[in-house]
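First comes the structure, then the notes that go with it.
The chains carry the letters A, B, C, D, E and F, assigned in the order they are written, with residues numbered from 1 in each.
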Amino acid sequence: MLTSILSPMVLAFLLGIIASRLKSDLKFPDSLYQSLTIYLLIAIGLKGGYKLSLATFEEVALPAAAAIALCCMIPLWTYAIMRKAGKFSVPNAAALAAHYGSVSAVTFSAALAFHEGLGISFEGFMPSMLAMMEIPAILIAIALARMNYTSSAGQASIKEIARELLAGKSSLLLIGFVIIGLAVGKTGWEQVSPLFDMPFKGVLTLFLLEAGLVAGRKLSDLKKGGLLLIAFGIMFPILHAILGIWLGHLAGLSLGGATILGVLAASASYIAAPAACRVALPEANPSYYLTAALAITFPFNIIVGIPLYHEFAVYMFN
Amino acid sequence: MLTSILSPMVLAFLLGIIASRLKSDLKFPDSLYQSLTIYLLIAIGLKGGYKLSLATFEEVALPAAAAIALCCMIPLWTYAIMRKAGKFSVPNAAALAAHYGSVSAVTFSAALAFHEGLGISFEGFMPSMLAMMEIPAILIAIALARMNYTSSAGQASIKEIARELLAGKSSLLLIGFVIIGLAVGKTGWEQVSPLFDMPFKGVLTLFLLEAGLVAGRKLSDLKKGGLLLIAFGIMFPILHAILGIWLGHLAGLSLGGATILGVLAASASYIAAPAACRVALPEANPSYYLTAALAITFPFNIIVGIPLYHEFAVYMFN
Amino acid sequence: MLTSILSPMVLAFLLGIIASRLKSDLKFPDSLYQSLTIYLLIAIGLKGGYKLSLATFEEVALPAAAAIALCCMIPLWTYAIMRKAGKFSVPNAAALAAHYGSVSAVTFSAALAFHEGLGISFEGFMPSMLAMMEIPAILIAIALARMNYTSSAGQASIKEIARELLAGKSSLLLIGFVIIGLAVGKTGWEQVSPLFDMPFKGVLTLFLLEAGLVAGRKLSDLKKGGLLLIAFGIMFPILHAILGIWLGHLAGLSLGGATILGVLAASASYIAAPAACRVALPEANPSYYLTAALAITFPFNIIVGIPLYHEFAVYMFN
Amino acid sequence: MNTLMLLTIIAEENLAGPIEEEIVKLGAKGYTSSAVSGKGVSGVRDNQWDGENIKIETIVSESICQTILNHLQTKYFERYPMIAFYHPVTVIRTTQFT
Amino acid sequence: MNTLMLLTIIAEENLAGPIEEEIVKLGAKGYTSSAVSGKGVSGVRDNQWDGENIKIETIVSESICQTILNHLQTKYFERYPMIAFYHPVTVIRTTQFT
Amino acid sequence: MNTLMLLTIIAEENLAGPIEEEIVKLGAKGYTSSAVSGKGVSGVRDNQWDGENIKIETIVSESICQTILNHLQTKYFERYPMIAFYHPVTVIRTTQFT
């Protein structure tokens, strides 16, 4: 676990939180944040696609089914529990369901780095799972909100929202570059890996510094969410991780692969989901979903969660 | 040819077009576009200058003469044909002449990548040809417009325009870093090649993704330009490529070098020329010159043109 | 000395000056400048921290004392001389003292590159000296101004300013990443060195191009400052360098290490100090301190100074 | 005589596309947009997670100004963090705007 | 009736944080900020060395507008490169601003 | 009394340099500029290929406002995609602007 905490990535995140609590004037220009996001999505997609080209259909089919199952079911119970136990309004519960059902590319990358650090192998095609798991949960959550709630006016249809999400920045880059990675093979991959592979962890370090800056500001909103939100923000990922590892095991993934599927299930989206919620669920309060995803679940996952899920996977695989 | 289409660069361009047709919200921040441009120009210049430092004057003199001849003559007939056959107004014909006479650093880079991919050698000093060919055609085209057309008011003199173009971002960086590359030698080059050489194709992939996004939007303008513009946008590069390869052959370039000179002749500028035309030929309609350069000639060159010109060069050299 | 001038870094700075004198439209987007700054500070900090983790306390203690002594004393006499000999107003003299007492991360990096180019070894922990020397002089200079001058209204207390400076972008990143570098060890360092170590000199080249663009514009302000400012801007760094090398020698640093301490003493800040002066000493005129730091001392140091100080150190060490 | 209305809309950045399209459909001959950050009753909007704002300015006749405002009010105002306001400006030639 | 004041402040970018906090404390319900460059009696401000400016716009009642201006004048105007000006604008519903 | 004109010019970004120089020569004491995108009769201007716009704002007396407008009209208006408009604003002390 110390290895995980003492990685430059995690420490950069903590430094970001500290900087923000000290009211530092450190600020990433918007366009740097956007550029880092574009880079990470392309890099994840390309490498995943290239590795997918080395796998057979049989290897991928069952894990893919497990991944889809996870991201379609998670929003259902997250919504129900948030409504019942959390007493959240329909839009707030739906927004939380969207975030927890979808996945975080950065948490995913931290999990890869963790496994590479420990020298534990995993299936190279895992990034294609990430690409598949991003959108469905958001759509399901928005549909849930629509069925339970009539907003005043002029809403887009679910079909329109689906189209927008698929053409949305993050899924377009992820899916597009998985396909490009699949198509270009080894020669193509080697042409671009000096940009998209070698400096990857460094870029991730930069991104996490920025994430820490925002998470630090959100810490002040913790009290608004209350203890309940903190409890949810820790319990949900643990439950989802266990479920994900178990399903991954059933689907025939290796120890590393199953852990990473668990991390995907446990992670909460904070690139695609917040943007989608701002447009499709504007009545939901960002204080809840951003605080939960960015200030509770995300740090929990990268600091405590990933090593914990790894221990659990070791236990389950023996 | 498949190797060319299946390169990450070309596929990223196609993904950009698709994203733009799907009305994706994917957008590169302006400053990322500008940073990528600065990077590409510096990287091309530095490497070209370093390679030029390894060549003798005799090797370079004749190819340079061929390059200058090409970029001084192309705008003349382009202007005449656009006026006569295309019935374009004076400013529009001149703007098209400026674009087709000047060169595209990105098409050039794609040609280098194509040759490196196939393992075909070429003269290392070719980037200095690129640097020489960028400005003259734009000046000639603007002078043509001035001679044939009196605008209402306050025009800058051709001399002033020449000064502005030479001090303009793209020629300043290209020429400046060719000189720096010449001066620093191997030690200097090795200090900066981890930034300016190794990740080059990756950065090119990013840039082409962005170029595809804009090209995709310009596709809707294709009908405004009409079939004529499409025909010109394909015929001109083919003719210029053949001429360039032939002159390159005469000037003693290798097969690869001659092909790359052909690609330079065939390529249409879309960094220096549009900016110059917006200021010096504001009466020209961007729908014409941008659509032709970016949505017709550019994709034609990188997808079909480069492999085609290569075939032609193989044929001519045997 | 030619090696120093003919490095890509120095030539890029000169190209920037030329571009700016030619009124080129070359401009770095703000966010690129900010991103380069963030990169340089992190890269310097991380590597320094990692190298510091390889050193013993004994090795570091005396050099650190020398560094602190330098940056606490330099502002005292700079202020006095500027007031008496230069006849500058209190805020102007204090602002100049802040700039010359603090240090320039970029000059420091140029000194490292110079030594690496000549194959001269130096203590790896020198970046932690840079981190220590950034803030104290600025605080002392502001305190000097406060003691000698009553501004009209609403000033922040020195304590508040100290807090702001320590939490300020540059010291936060430097100190933060020195600590991270210390903590992560070899494994962590190797995860991120492909981004933060290998391309470092390339990024420095980019940054110096931008610095040249601004320095070129400041050249026109030289006459406003007068001959006196030019004389100060050259004499101060020479004196401070000699003092720094001498103290470094006493503190047991190697030839390279002592030279670098001299360069730190000689360098004038232009990231942290200008920002601090704009807020805390708004009555000071940027024409003086920016021109002196950026258009006189900085180019003097990287072109003439560093090789000169090296010669002096060689002389002193023999 | 040369007086028209300058209508300013400040809204969630993701609404830029639709709003720009709609105001043109409702009669505006052009618009000018820029990225801004801000704070209002719905909280802070100054980073990519919370979202940032777009400022859309359009010079239109008074009647088109009202049409646009009515449209915004029904479609967006209740649901989204958003403000709009207008004031008269003098333009050089009205033909470019009406 | 729906007329309020749009107060615009242009100042050194590093003052953005304090000024935004202070105008909210003095009664503004919100503000909109953007990065700008400029030139004035204190010289050019268009690069990161000389510093750049922030433009802060806030819609407030006339009395709060005066309160804010008084505050700025005592705390900042003498010392910092800075301007402020205001003009009336029509808003849709005043409740969001007062 | 403290009323001056706020003149706004929106033009092709590459004209920023010359226009800023010229308005200062014609009597403006300062200006504030920012990068914007837009759409008008000459089409969309929201990317680096089609070009983007600069918004230049300057606070001047009414007569200098007219001088600048006349200059812009003869030198640029016919040829370039561009608009300009103005409206009165209240400033704190007119001395900084006139």
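Please note the rule applied: a contact is a pair of C-beta atoms (placed from the backbone, for glycine too) under 8 Å apart; a residue touches a chain by one contact, two chains touch by 3 or more.
Given the structure is predicted, the values throughout are model-derived calculations rather than measurements.
Counting steps between touching chains, the shortest path from subunit B to subunit F takes 1. The most distant chain from subunit D, with centres taken as the mean of CA atoms, is C.
The chain with its Cα centroid farthest from the Cα centroid of subunit B is E.
Interface comparison, B-C versus D-F: the higher count of C-beta contacts falls to B-C. Averaged Cα coordinates give subunit D a centre that lies 20 Å from the centre of subunit E. Chain centres here are Cα means. That of subunit A falls 34 Å from that of subunit D. Separating the centre of subunit C from that of subunit D, both taken as means of CA atoms, is a distance of 46 Å. With each centre defined as the average position of its C-alpha atoms, the distance from subunit A to subunit E rounds to 39 Å. Touching two or more other chains at once are residues 25, 29-31, 34-35, 199 of subunit B. In subunit D, the residues that reach two or more other chains under the touch definition are 14, 34-35, 87.
Listed in rising order, the residues of subunit F touching subunit B in the complex are 12, 14-15, 35, 43, 47-52, 74-76, 78-81. Interface of subunit C with subunit B (complex): residues 3, 6-8, 11-12, 15, 18-19, 22-32, 35, 113, 117, 198-199, 201-203, 205-206, 209. Interface residues of subunit C facing subunit E in the complex, by the touch rule stated above, are 30, 33-34, 37, 151-154, 214, 270, 274-275, 278-279, 282-283, 286-287, 290, 294. Contacts from subunit C toward subunit A in the complex involve residues 29-31, 34-35, 38, 42, 46, 163-164, 166-169, 172-173, 176-177, 180, 183-185, 187-189, 191-196, 199. Contact residues of subunit F toward subunit D in the complex are 8, 10, 34-41, 46, 53, 55, 69, 73, 77, 83-87.
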